[in-house]
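Paired with subunit B in one complex and with subunit C in the other, subunit A is shared by the two complexes that follow.
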Partner chain A sequence: MGYLKKHPRLAQFTLLLIAFFLLVAVVTPSETNVLWRLPSLLAPLPGEINAFAEHLMFDWFPVQVYDSELKEYEQSALLREVTRGFSRSVLFLIEFIREILVGGVKTIVAFTGWQFIRENPWAMWPALPWTVVISGAMILGYTLSGRGLALLAGLALAYISIFGQWHPAMETLSFVLVAAPISIFLGLILGVSAYKSRVVAATLKPLLNIAQTMPHFSYLVPVTVFFGVGDHAGAIATIIFATPPMIRLTLLGLQNVPVEVVEAGMMCGSSDRQILLKVLVPTARRDILIGVNQVIMQCLAMAVIASFIGAKGLGFNLLLALNQLRIGQALELGICIVLIAVVLDKLSLAWANKQTDYFADLSFVERNKHSLLFLAVFAICVVLAFLGSVIFKGGINYLYLIPHNKGITTEWFWQAGVDWMIDSWYSSLQGFNRGLIVNVLQPMKNAYLGMPVSATFLLVMGVGYIVGGIRSALIVGGFLLFIALTEWWDRALITMYMASFAVIVSVTIGLIVGSVAAQNSLASKVALLVCDTLQTFPSFIYLIPVIMLFGVTDTSVLIAVIIYATIPATRYTIEGIRSVPPSLREAGMMSGATGLQRWISIDLPLAFPHIMLGVNQTVIFALFMVIIGAMIGTDDLGQYILKALSDKQGIGNGLMLGLCVAFIGLAVDHLIHTWAAERKALLGLT
Partner chain B sequence: MTKSLHKLALGVAAAALMAPSAWAEDSAEPIVIPTHNWSSQVVMAYVIGGIFESLGDNVEYVPADTQAVYEAIRIGDVTISHEVWQSTFGASFYNAMAKGGLIDAGTHSAATLEEMGVPQYVIDDNLCPGLPNWEALKDCPEVFATADSEGKGRWLEGPQSWHGDLMPTRLAALGLGDKYVVKFAGGADAIWAELASAKKEGRGIITFNWTPNFTDAEGFVFIEFPPYKDGCRVADGGDGSCGSPKGWLKKAANYKFPKTHPAAYSAFAKMSFSSTDIGQMAALVDIDKMSHQDAATKWLADHEDVWKPFTQ
Partner chain C sequence: MSLDRETAPRQPVIKCSSVYKIFGDNANRMLREANGNVDAKAFQDAGCVVGVNNASFEVHKGEMLVVMGLSGSGKSTLLRCISRLTETTSGDIHIDGEDLLAMSNRQLIELRRNKMGMVFQSFALLPHKTVLENIAFPLQVKGMSTKDSMTRAMEMVELVSLDGRQNYFPRQLSGGQQQRVGIARSLAVEPDIWFLDEPFSALDPLIRKEMQDEFLRLQGVLHKTILFVTHDFSEALRLADRIAIMKDGIIEQLDTPANIVLKPATEYVRKFTEEVPREKVLKIKSVMDPLDNTEEFSDLKVSQNAIIETVAESVLSEKKAVAVVDDNGNVVGSIHASNMLYILFGKDDTTKVGG
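And then the complex of A and B:
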């Protein structure tokens, strides 16, 4: 009893658990029993959302639109014309960049019309030879940072070209080169306005929370209805996905700018605009750059999902390869996506870090030597491409463009590796698979489904109360209530079961791997690099081998989830432990602490708040991947989100289901944030 | 304007089409063809694109989700869909048609079947004596059992979005409900991966599949259920104790397509590929490992006798 008195929270928690199990034992399962399941009062809501969206899109504010093809007026709606106009301009930008890279007619069409192309077959924009793009990227890398970056850019693009993925890679690149700058720009603007106005900040906060926790599948249907299908739709979905972290990090960076710096700026007589552009943004650069890095990662992580609604390029080819079970080919495509991410990330960082030398007095040639060099290389490569058309007469001009799938390939190698893995591991893994399903997963799933709704509320709100008082209890209760009133409560319980299992395993692995790697600076760097790579590497690729090993089962889904969700757990553990002040660790060692003691009593407690943020990210990543697990086969919310793609009321169902997932994430997010903030305050880390 | 066009269009937008048709030539606006994630569909997209181009039309390809594409056709973002499988996409197809904007552009001659079945070796190795007759399934659920099926046979069905609760109700109606449990796979990829993995081990597997498909090459046997009759499905008032009908493979188009591209639409409406054609297209990619565009070019060059008549 004395122990419980010392730890009042433990006592509260024990009481809570006792009450929880009492409820579980007492409440009888029956559809009419409100303590067992709440009535689905929100069931008509998806239909209403759907009707509202369709009304907005097709009936609200009707306008007459002239169809020049049919030579007649047509009824359309204002909003539809506005969104379609927006789509067209995004598409124009994508096509414009794409045609600079690989040639085409769309840009000319935008200024003349298809009839012009039909009458003038010569009117076609030529592609830049791949040699030009590679040398251009190398020169850019050299200008921005030096030899290392030039080498990296050159090697990465050469890999893409030699492996015959040039065309799809440039398609993906053109779409990222539009989506990423728009996301960064929007993020900066919204971040700055949130910094300046409390109202904006207060409005943005819940929207950001939802946008960052809502699975991307759930807004694919609304995006296609409002914006159509095609590269623009993919880009718009990507922007929705990639902007929130940019806003967050911009705001965070600006809030951390010391008041003294701003005051110094004011004393120099800076205008508001100068304060913002010359003082605030440069000082907050570190966080803003992390935002840029996140945007680029998110954009490429969306490359595959965006191809569900019409984005061309690597993502679509990857889905095709997977459907033919050509894992080797999918792997090569996945590597190309990672390479583009790495090159873009490094180039943008180098660009942002470049200091302007205001005092250099250079001649025209000196100032423009890199542009001049590029012009020279451009001329040489174009001549080479023409020569190529003579050398490779009639065949493929390897000096101009290497067509898709005509490069060398190592597909057989990877394929053999995957086949070997499946052949040699299959039988030994079956026992594990069966044991896990029969002894752990099925009982766990049944336990979740056997929880009366009243008991779930008691447990979650009780934890909320213990962690953050009555306010937290009400917040998490509110999130839960929304889900409980939809008709998908059982599905949500299954999602929670899978996510919680995956989070427990991921956090355990992440803590151990992260702690070990953090002991050494080289190991930390390597581990962080692996984290970066895995984060952009399309998770769809390992779904197929996992199914081959474990079948269409929850094991497969959970393994895929764990691979993905371990990334943030590891990353934040490393960062957290590395940021523990060395003096404290030394003090510990001087007092004779062993490595293990130091880890338990110094590293972990001090890194705890940061690690908890990692756990928070792990929960979000796990939820996302559980939803993608629907592609393997689940019976949770994800399967219904996937089904919404073909539903009559797909917009409403998709959004509502997405909100259910987001609310699970937000409830956990709230609990963890509150707890971590309190710990931080206790440790004096503010 | 051709007769067949009139016939097809009448049911859809009669009033609009009765106006005198003054467009002799197809519009130069591109015809947007969707590509999905399986070989025959992508090759056929490029084949049809090639046929349209031979008529002087501009063509554009756009990757699209197999279910969401019907909404896109309805709104006009995509012009056609050339592989509408009855059992998997019928629901989305009719939903979009009911909302208006999507028209039925005829049926391919390919006879399709979408049904539960087993790989050939399950029959050859006599894993479940009596197959493909469905009654044999009563005696060997354990052959199809998996770790998560609790001792019952696992009935691997496509995702919920394909046929909803069709399979659970069929199992119950046939009295197999206590011997088999339905597992919804996430998509075609998951089914192919399961088939490949089962084959490596020579293990029994019963799964939803269709023909023509690339699995035909290795041998796949469909279960013979009590034959389909009108009204035997639960949705139509029956008890659900019947197999799938011999299915159709339809074509869909946006309602404006006949008006903006009369020549292309006429060709598209006539277009009818057989199971052999579809098999050839898929084989060029799946077996000869050609790229989808190359496969389409080769197929068009080799089979002018098949597709030229569509354009006349």
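And then the complex of A and C:
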């Protein structure tokens, strides 16, 4: 009793658990029992949303629009014309860049018409030979940074070309080159306005929170309704998804600019605009660049997901390869996506860090030597490509474009490897699989589904109360209530079961691996590098190997989720422990603590707030991946979101389901942040 | 300097009259009701913090006024009011006769671009710009061409002896070097008024001493009108023409270093001066007698800028008065051995003080 008095929270928690299990035991499962399941009062809401969206798109604010083909005025809704106009401009941009890279006729069509093309067979934009693009990228890399970057850019693009993925890679690139700058620009503008105005910041904050926890899929349905299907829709979905982190990081960076630096700018006589453009934004550069990096990563991650709504390129091919279970090809495509991500990331970083020499007195040739070099290389490559058309008469002109899947491929190697693995490990893998499902997953799933809604509320709100008082209890209760009132409570429970299983395993692995790696600076660096690399992989990549090994089961999804979600758990553990002041660790050592004692009584408690943020990330990552797991067949919320995608009336369902997932994430996010903040304050860390 | 003031009474460069800065939501109303008698306690109870409380003073051309106070005394707030980085709650501030508080944003920008320079405690360099670019920044903000601004910035680099490091980034420099960049930046536009907000507080003691010497050397060449904020009393004594000692927003005493040391006006000021070895901080100038032509001098001559301690022994060994000379060798005053004894050992405040 004395022990419980000393630890009031433990007492509260024990009481809470007792009450929880009592409720579980007492409440009888019955459709009409409100303590068992709440009535789905929100069931009509998706329909309302559909009707509202339809009204917006087709009836709201009618305007007269001139149809140039039918040569008459038509009645149309304002919003539809606006989204159409936007779609057209985005599509035009994508196709313009795409045709510079791989050639085509659509840009010319945009200015003339199909008629013109039919009458003039010569009117076609030629592709840049791949050699030109590679040399261009190398010269750019050299100008911006030096030999290393030039080599990286050259090798990456050469790999893509030689492996026959040039065409889809350029399609993906054109899509990223449109979506990323728009996201960066929007993010900067909104981030700056949030910095300048408290009202904007307060409005954006909840939106950003939801945007960050909504699964990728749920953006797709509304986008298809408002913008249709195709490359532009993919780009728009990507922009919607990639802009929030950019806003967040811009705002964070601006808020971290020291007051004195701004004052110094003012004392130099800067106008408001100069303060913003020459002082604030450049000083916040570090965070803003992380934002840019995130945008590029998101764009490439979305390259796969956007292919659901018609974006062409590597992502689409990857999806096909996955569906056909062609693991080798999927792997090669995955590498291409990662390579593009890495090259774009490094180029943008180098560009931002570029230095100028003011006192170099250079001639015109010297100043423009890189541009001149490019022109020379351009000419040489074009000549080569022309010669190529003579050499490879009638065949494939390898000096111009290597067509899709006509390059080298190592697919047979991977396929053989996978076959060998299945042959030799099949029985043990299946045994493991079955054992896990029967002994762990099924019972856990049943336990989650067997929880009366009243007990769930008691547990979650109780934890909220213990962690952050009545306010936290109400906040998490509110999130939960929304989900409980929809018709997908059982689905949400399954999502929660999968996510919590994955989180428990991921956090355990992350804590152990992270703690071990953090003992030594070299190991930490290596581990962080591995985390960085793994994080650049689009989430889909993780599904490739597991499907092959475990087939289409919950096990596959869970293993993919665990691999993916272990990354932040490990990273934050390492960062947290490495940031424990060395003097404290030394004090521990001088007190004669063993390594284990030091880990338990110094490292972990001090790193705890940071590790908790890692756990938070782990939860979010796990939720995202569980939803993406719907691709290979689960029966949770993700599956329903996927269904909403193919449903014409799916916008309401898609949004509501997305919100359900977001709210699970936000509830956990709220609890962890409150707890971590309290611990931080207690430890005197700010 | 005070001598200038006597010979040519001119318009002060900075003139503050009854400046108040009160932080808090209902500061204006509180101040109106207080009717000029601001009681910090009463304001605090009402949720206001008194930053500057009824500050009035003038700073003249070429003069260095050091504002000294502990943290929270309002010294930086006062500086920020005069540079208008903070809006003053009440009172008047005139810069070269112009009403600073009535200026529009545009006028203020013009004023800062041409007349003001400021050095910050934390250096406040732009992290993404090199030394050269940082120094050229105020020039480029004014609209000067890249070529001209870089040439001018390079001159400033040489002035603060950073040649060879002009392409370094601030993070690659030591604290002392960073502050040299800060100083060079603040001087690039050749301002008339130079604000320094605890410029050397973040530096190691040895570097601080070196930077103070460097600063005195620069001021010896440039003769700027300076407002210098510090919490270090000995720094104030070393540098100042006049010192303003602040406590809780009130200027406790504003006087020459010698008068502050020798005649502390309040108990608070006395506490600072108690520990100060006068002979180590005061110059002969501040304790000499005015020139009296009837007097007979010994052969020894001492410079008016000599620190007392360095010449005390030789002055004490002279029977007659010792002549005090300025930089050009003109006799400007005298000092007696008996007077020297007072300064070194006397505890009372009856010592005759010149100045």
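Here is the rule we go by: the second predicted complex is superposed on the first by the 645 of 686 C-alpha atoms of A that agree within 3 Å, B and C clash if a C-alpha of one lies under 4 Å from a C-alpha of the other, contacts with A are read in each partner's own complex, and residues count from 1 in each chain.
Everything that follows uses one rule, which is that contacts are C-beta pairs under 8 Å (C-beta built on N, C-alpha and C of every residue); 3 or more make two chains touch, one makes a residue touch a chain.
Keep in mind it's a predicted model, so treat the numbers as computed, not measured.
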Combined model on subunit A: subunit C and subunit B, fit or clash: fit
Which superposed partner A:Glu260 touches (first subunit B, second subunit C, both, neither): second
Which of subunit B and subunit C A:Leu220 touches, first, second, both or neither: first
Superposition-derived angle with apex at the Cα centre of subunit A and sides reaching subunit B and subunit C, degrees in steps of 10: 160
Touching partner for A:Pro168 - first (subunit B), second (subunit C), both, neither: neither
Touching partner for A:Asp423 - first (subunit B), second (subunit C), both, neither: first
Subunit B versus subunit C, judged by how many residues of subunit A each one touches: B
Which of subunit B and subunit C A:Ser270 touches, first, second, both or neither: second
Which of subunit B and subunit C A:Met631 touches, first, second, both or neither: first
Gap in Å between nearest CA atoms once subunit C and subunit B share a frame through chain A: 44
Contact residues of subunit A, present in both the subunit B and the subunit C interface: none
Residues of subunit B defined as touching subunit A within the complex: 22, 27-30, 34-35, 37-39, 42, 56, 58, 61-65, 67-72, 75, 77-78, 89, 91-92, 95, 146-148, 150, 156, 159-161, 183-190, 192-194, 196-197, 200-201, 256, 259-260, 285-286, 291-293
Contact set on subunit A toward subunit B in their complex: 67, 69-71, 113-115, 117-118, 220-221, 224-225, 228-230, 307-312, 316, 319-320, 322-325, 403-406, 422-423, 426-427, 430, 433-434, 437-438, 441-442, 543-544, 547-549, 551-555, 629-635, 639-640, 642-643, 645-648, 650
Subunit C residues within the subunit A interface of the complex: 80, 83, 85, 109-114, 116-118, 120-122, 124-130, 132, 137-138, 141-142, 146-147, 150, 154, 167, 182, 185-186, 189, 195
Of subunit A, residues touching subunit C in the complex: 258, 260-261, 263-271, 274, 278-279, 282-283, 285, 355, 357-359
